[in-house]
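Since the structure comes first, as structure tokens, the remarks are kept for the end.
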Amino acid sequence: MEMLQYSLRKLLAGIPLILGVTLVSFLLMVYFGPDQTYTLLGKNPTPEQIAEVRAQLGYDQPFVTRYAGYLRELATLDFGSSHSTGEPVSALLGRTAPVSLALVAPGFVLGNVLAILLALLAAHHRSRWPDKAIMGLAVVGMSISFLIVIVAFQIVFSSASGLNMFPVRGWGASSLREYLHFVTVPTLAIVFVSLGYNTRFYRSVIVEEMTRDHVRTARAFGTPPARLMLRNVLANCLIPIVTRIVFSIPLIAISGSLIVESYFGIPGIGKATYDAIMVGDQPVLKAVVGLTAVLFVLAQLFVDILYRAVDPRVSLQ
Amino acid sequence: MSALLEVRDLRKHFPVRGGLLRRVVAQVKAVDGVSFTLEAGRTLGLVGESGCGKSTLGRAILRLQRPTGGQVLLEGRDLATLPPAELIAMRREMQIIFQDPFASLSPRRTVAQIIREPLDVHGIGTPEERARRVLELLDVVGMRAAVQDRYPHEFSGGQRQRIGIARALALNPKLIVADEPVSALDVSVRSQVLNLIAKLQRERGIAFLFISHDLSVVRHVSDQVGVMYLGKLVELAPTHELFTNPRHPYTEALLSAVPVPDPRRKAKRIVLAGDVPSPMNPPPGCPFHTRCPKALPYCSQAVPQPVDVGSPGRPHSVACHLYT
Amino acid sequence: MSAPLLSVRDLVIEFTTEQGVVRAVDGISFDVFPNETVGLVGESGCGKTVTGLSILGLVPRPPGRIAGGRIEFEGRDLVGLDESELRAIRGRDIAMIFQEPMTALNPVFTVGSQMTDVLRRYKGLSRRQARAAAIELLARVGIPAPDRRVDEYPHQLSGGMRQRVVIAMALSCDPKLIVADEPTTALDVTTQAQVLEQLVRLQEEFRMAMILVTHDLGVIAEACDRAMVMYCGRIVEQAPIEELFARPRHPYSAGLLASIPARVDDERRELPVIPGMVPDLLHLPPGCRFADRCGRRLARCDVEQPGLAPAGESRVACFNPVETPR
Amino acid sequence: MNAPAASAVDANGAPAASRRETLWHKALWKLRRDRAGMAGLAVVMLYFLAAIGVWLGWWATGWAEVAGGKWEAPSAAHWFGTNLIGQDIFARSVYSISTAFEVGLVVAVLATLLGGVLGALAGFFAGRFTDELVVWLMGVLDSIPFYLLVAAIAFAMAGNPYAMHVAMISTFWITTARLVRGEVIKLRQLEFVEAAHAIGVPEYTIVFRHILPNTLHILLVQSTITFVAAIKSEVILSFLGLGVKDGMSWGLMIAESTIEVLAGFFGNFLAASLLMFGLVMAFNFLSDALQDALDPRQVS
Amino acid sequence: MQFAARVSLGFTAFLAAVLLAGCGESRTPAGDASAGRKVYRHSMDEAPSSLDPVQAANVYANHVAINVYDTLYSYKYLARPYELKPNLADGWPEISEDLLTYTIRIKPGVHFIDDPAFEGGVGRELTAEDVVYSIKRHFDPATLPQGAWLWQGRVAGLQEWKAAGSDYDQPASGLVALDRYTLRIQLAKPYPQLLDSLAQGYAAVVPREAVERYGAQFAMRPVGSGPFRLVSFDTSRILLERNPKFRQEPVDLEAEGYDPATQGGYGLERIAGRSPPFVDLLEMDFINEPSARWNSFTKGDEVQYTTVPNEQLDRVLASRSPVRLKPEYEERYHSFAAIEAGFIFQVFNLNFPEFGYHPDPGQERRNKALRCAIIKAFDWEARNESFYGGIGEVYPGIIVPVVPEFDPDTPRDSITRDVEGARRLLAEHGWNAQNLPVLTYGTTGSVVMRLMFEQFRAWLKEIGYPTSKVVLRQYATFGDISRAWKQSELPWIAKGWGLDYPDAENTLQLFYGPNGSPGSNDANYRNPEYDRLYEQASVMLASPERTGIYRRMNRMLIDDCVAVTGLSRKRIHLWHRDVIALPDREIVGGFFLKYVDVLDKPAAGGR
């Protein structure tokens, strides 16, 4: 009951956020955004044809009508069909979102798990050389642009100038082998890029926790280090860790990793969205942005509920 | 002597929100109906355990927090309802000294800037006069003029506390609320600061509301002592009277609990059961009845009103059913 | 007298700060005998807490390190033991109680879980036995309804109860020595009294030795057999408790005692004061560290550091100790 | 922990050290002792000189000229070779330093200012309407994926060369504002703010005289972090065709390089990524050192 | 931290396993279902945005449209220059004397594929009504059609049908199904390119039931009668499979225009006498990046066909002219160098008084001199070398080499760089760095476009055009820049044009006055003489006389310094030796896919 009430209240509080996100994105992407008129015109168009196309796309309607239409679509979760392909937006999302998840998930999980391990290692040896080495490498890793990593990995792993072991691009997941074949290089790139940031973040969280009194108490009672790190440090760091992880999920699930997907030519949601921006495919854009906002609100709720699971001090009031 | 400060039935409640629409579902009654008077140039000590509402009381009196109800009359004017513009003018009359010598001084401002700020705000004197006044104040609190260009972090706790006192004195207030001014200080420094406060009061006739959890300190500086428990003033008496003849069971327990720094004088101790209840759900009736060794059945039903159990000229008020 | 349980000799603890290396503890020596309670008293920064931590090897490193001396526990030098050897001693032979009951327990596990963790590790109890033992211990430290409290989280308990839980944990393995660092400072007066009484009672009951680190002379007077007064990283006086309070020999001890308002009977008299401030550990005077503030200063005080020397029943580090008539 | 008092003060209340020490002096002193940080600062200054040189027309003036043939190998004349249309890659990569600084400085300064002011106001009026509005705005902008927002702003501004800057500023201020807001909420409860109230200092004066100066360390560190973020984002945005309009940047060079690398020409890729890596890493080290030096928990 | 070490060790092991798995075998395109089936994999640089024929505006869409649908006519597989042949039409049409009435017979017995849209789920027979319906759709705004310009004003009655509300149940006078298999087209004026228009993807025949049943999703779900049918489609790949109901029409190599002299080495004889399609599964990968496409091709296990990216030309070619592969490529791949049916060119927008028409005739003359000087500054050779691998064909004017009207003897001075001449021209007409107008150069965000701009700006600098006066304006999308072109917002337009049919009329109309913005005449060139000639030629059948008119018009454009033109790109098609094909994407695009065969050998899958 308390939970239900809490969830309802959180969802209610999310409404202004959703309205804000939809309004801003509608203004920017739809109202002032690119339109499809000139991509849908024939080679030798007349002004009448231009007007017809605009009418067909609904561009001639007043702002309020169009925005209200957007909200209605969001409420019914029916965004119609893509302007450029005619594919229903739901089908498009259903097709691309799993790809994005499958693409980013391994890198995301590895990037976080590995970072937590490195952070524990660094924190355990705080101010000594393993810490300095790990943190130094983290800064180096943070200093390399994602773009450079992708290009470099492609040269190293996928080109004739390098190992030539993996495909340059593309996607397939009909078998585990095929999946691994395609996902490995993007995963390595994602891990490489996120590792530095994640490690630093987790280290600072862990180091802060390690200075807490209860850790000293546990040490004074002879708790072995592994148990100390797990029960006293990691278990108490779960709130920032959970927050960081959960809040990255909407971005992955809805907007995917735009750069990875467009560079590796993976038909995920990021690429679909990017393509939609480039041609002004408004139904797709509206769906993606609207759903991202909704997912963010849900993530907030989810995080708060998780907080209570990981920390008994948190109450849902 | 007329009363400088008169507090009547002062209340400060903090709403607790809950439910679907974040409605107010409960009140934390931090201060719940406190009345007393303080005469000019005297010191009222306020003791109580953490969470009893003594700091909130101090802030509500200065209207650093807006009271929920009741009146605060400073020289007859009700601070609780004063409009903001007049309130700012009234702030010349009353000041505060804080507990934490580290947090109470802005780290990015020099000592002179800190001490001069009240003068700047209230537009007192020319810049030269203000500068002179800063030196004067530093001298009063026993610091050398050379320190005025330094920053707070360069000083020790005791010295920062002196700077805080100098700032409080800048406007020549009639009332100073001292909120645990020495509890963060070491023993040897503490007596320096206590002596300074005593000297100021003696020489300048400032009234102090001295808030502390340390009974021995309160005993040392106060003319009158009030004991707070769960937002209520349970006992108020002249210092000597209170310490030698406590009437409220809580006061008795409190006094007996203080460790005596004399191994030969092992006191007989009244050990209280349990802990202080939450101010969000104070027990009905007398707030102390859950822990009171002398509680009667009636205590859980009615809130005891303060009664005077003192002798003429030595008012001793106590809120306990044992005396009604 | 029997052999000392703990024998500290010439202990030096250094901290690296930005301005340089600071000696927080500078060559102190003392003994603790079985079943006695020794007080370690002094103002903040005098090195008392670090001394307590060093016994269990808990001085945070970096920035701190034990730079010299020995800490012999039952004849075995604890300085230089590695982490796993120290772990075997922590909790089992020597237990520690900390100042902040609010934060000393892990907030995400129940009280029972944290207690059974220790019990199972040291006593090899089964989960069920450990739980029963935990409940019993909670009862012994005076927690009402221990079978219910055992499943609660620290934040659901009051400060006093939490401190009792820590005490119960400390007792759980029958240690020979307890180091209690300001165990009552953060508590309210009425609770402080309860906890302190409990601690004294349990110390006798369990026949342990205890080092009580505190700044509160009242606590020392109530609980200790013997006390050591620290100033600026050194022990300036060591005396049986009655002797210390009745006849403080060191000018610092004397000044400290004099400035306690509770010992000044007349309410409104001006308090005696120790003038000046504690010197900066980075810029210590060459001679006696108290010399600057001392009313009994001699010429040699500025050049020579006094060592602890017997004076009556006490030992005092002063060239010109206070003489109080009996 | 009984940490020894940081500074010495003698009996009369005069600090033992005769040198006057502000928090900034202390921070500077700490910064000077941080070797990685100083090295970072030196490298950043070097880059900055290079950027100034470009602005003043001392060097890299020929970045747009066709100075050789298609894809010439590195030589004494062209250190990193030439590109597809025969431009000198080295000159272009040096010119790009000025682009990086231009983008970094504009975005860092404006985003930090915006974040500082809005964060401080929100924090000071926490729980009131101003705060709710700012928090709402932060939530809204945070919920729109960054590259989508940038693309959207680029479109809405119809090819305006500053669309990228606007887009970055409108997202990067949020982190700063969050931090400042959190810090201000903390500061607001400190007694010195209460003291200001007790003296009768007006609210806005309290914000700008007492609270904002105490967040300067956050603003300084954040501005370096924002600077780095801006440079890194610029590269990706330019690569996507949403970034630098006229001129040259490392992102554009990397975009050019994708045509080349599989043909075995690495000039653009190497020049752009090495120069960028150098600057970003130097900035990261500098930023870390600043953070350490300015952290008030360590200073006071 | 032993446990951390253990976990990292485990992770390293996992990573190693992944790496090992990665270097193993590669994928199968359609999973196990493809076992034993003949598969051909094709790469393209872009995905079609829609599979609906009314939106088959580009070569990518046509690649799919004409393979899943049928058109009345199509181009011969092997004949070059391109020649039409009847496809769905049963032979050539009957054409009236006045060239205004075409009567076309349709092959009987052609069925649509089975689809739930049809009664009983079984594809029904395709009739003349379907053709009428399919072309009418271009005059229904609701379908967002893009091909109306092919028939607008030419086929009678369509405009009126549209004005009356685009009701498919109403007749359009010029487009009538006389009976089940006969179609009559009535023209408003002679339209020599009508049959070409009917070979376009736009003219592909769709069944009304499917359009109405699937609505907007029809664009994703083609239901046709072509040689293939759709299995799956997304922006990275389309999968087509053989249409088992496709009519049996054995290949007659000679009729397809087979030339053993030039096409002998491709093994095309193998398909003679057999009925297409020859592969079971046709997979097209859409890969934007040339490098990725190339890699996927050369690794030998993915796509079997590609075009050589420019940056690889030096690696692949032993000689550029004639195109010859290096031996190591020669032994693995077939190749074919095809010149583009279209060109890239730049025009001045003459609506801008700074560059074009001006009320003051003197200023207009100066403007022309300025244009001519800029044309002289343009270095086609360098442009070709940098961006087209040096193998593009540069020629004066706008009659492209693939059309029969092309005249190789046109004087080449308009495409020969002459910096001195340009400067002289500017000086003579009083142009100097101060009074030269700002030239705004619009591009999309693509890095290649930027480099082209920078190259152009560098050339102009050499004739004294200040760098600061050649300004880049970037548009985020192609749609945006199209709008700028169509709304006549840019003085300078650089674009490409792909021929819809092999007739010079298709490029000459780009300068026909009435086609001015927003029409296809982006230059807004208005020359009464030119327009008159255009109108005259546009109703003429191919003849030497018409060729003469075309060439005169071409000359006028060159003399008026309207455009910097032109270059036709050359594409080098490369395909695995086990693939039997002659790839082509120039006219319509993709019509060869129907004839692709893959050799049945163990390495058939390329593995």
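As written, the chain order gives the labels A, B, C, D and E, with residue 1 at the start of each chain.
One rule holds for everything that comes next: a residue touches a chain if its C-beta (ideal position, glycine included) is under 8 Å from a C-beta of that chain, and two chains touch if they have at least 3 such contacts.
Keep in mind that what you see is a predicted model, and the values were worked out from it rather than measured.
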Identify the chains in contact with chain A as well as chain B, in label order. C, D
Note the shortest touch-path length, in steps, from chain B to chain D. 1
Starting at chain A, how many touch steps does it take at minimum to reach chain D? 1
Mind naming the chain pair that shares the most C-beta pairs in contact? A-E
Chain A and chain E: spacing of chain centres that average the CA atoms, whole Å: 37
Averaged over CA atoms, how far is the centre of chain D from the centre of chain E? Could you give it in whole Å? 46
Separation of mean Cα positions, chain E and chain B [Å, integer]: 87
Mark out which residues of chain B touch at least two other chains, giving numbers and ranges. 156
By residue number and range, which residues of chain E touch two or more other chains? 289, 291, 295, 476-477, 480
Pull out every residue in chain C that's touching 2 or more other chains. 44, 275, 277-278
Help me check something: in the complex, which residues belonging to chain D touch chain E? 64-66, 70, 83-87, 151, 154-155, 158-159, 240-242, 245-246, 252, 255-256, 258-265
State the interface residues of chain D toward chain A in the complex, per the touch definition above. 36, 136-137, 139-145, 147-149, 151-153, 155-156, 232, 235-236, 239-240, 251, 254, 257-258, 261-262, 264, 269, 273, 276-277, 280-281, 284-285, 288
Seen from chain A, its contact residues with chain C in the complex are 126-127, 212-214, 216-225, 231-232, 235-236, 238, 310-313
Show which residues of chain C lie in contact with chain A when the two form their complex. 56, 58, 62, 83, 86-92, 95-96, 98, 100, 103-109, 117-118, 121-122, 153, 155, 166, 169
Considering the complex alone, what residue numbers of chain D touch chain B? 5-7, 9, 12-15, 20-23, 190-192, 194-202, 210, 213-214, 216, 296, 299-300
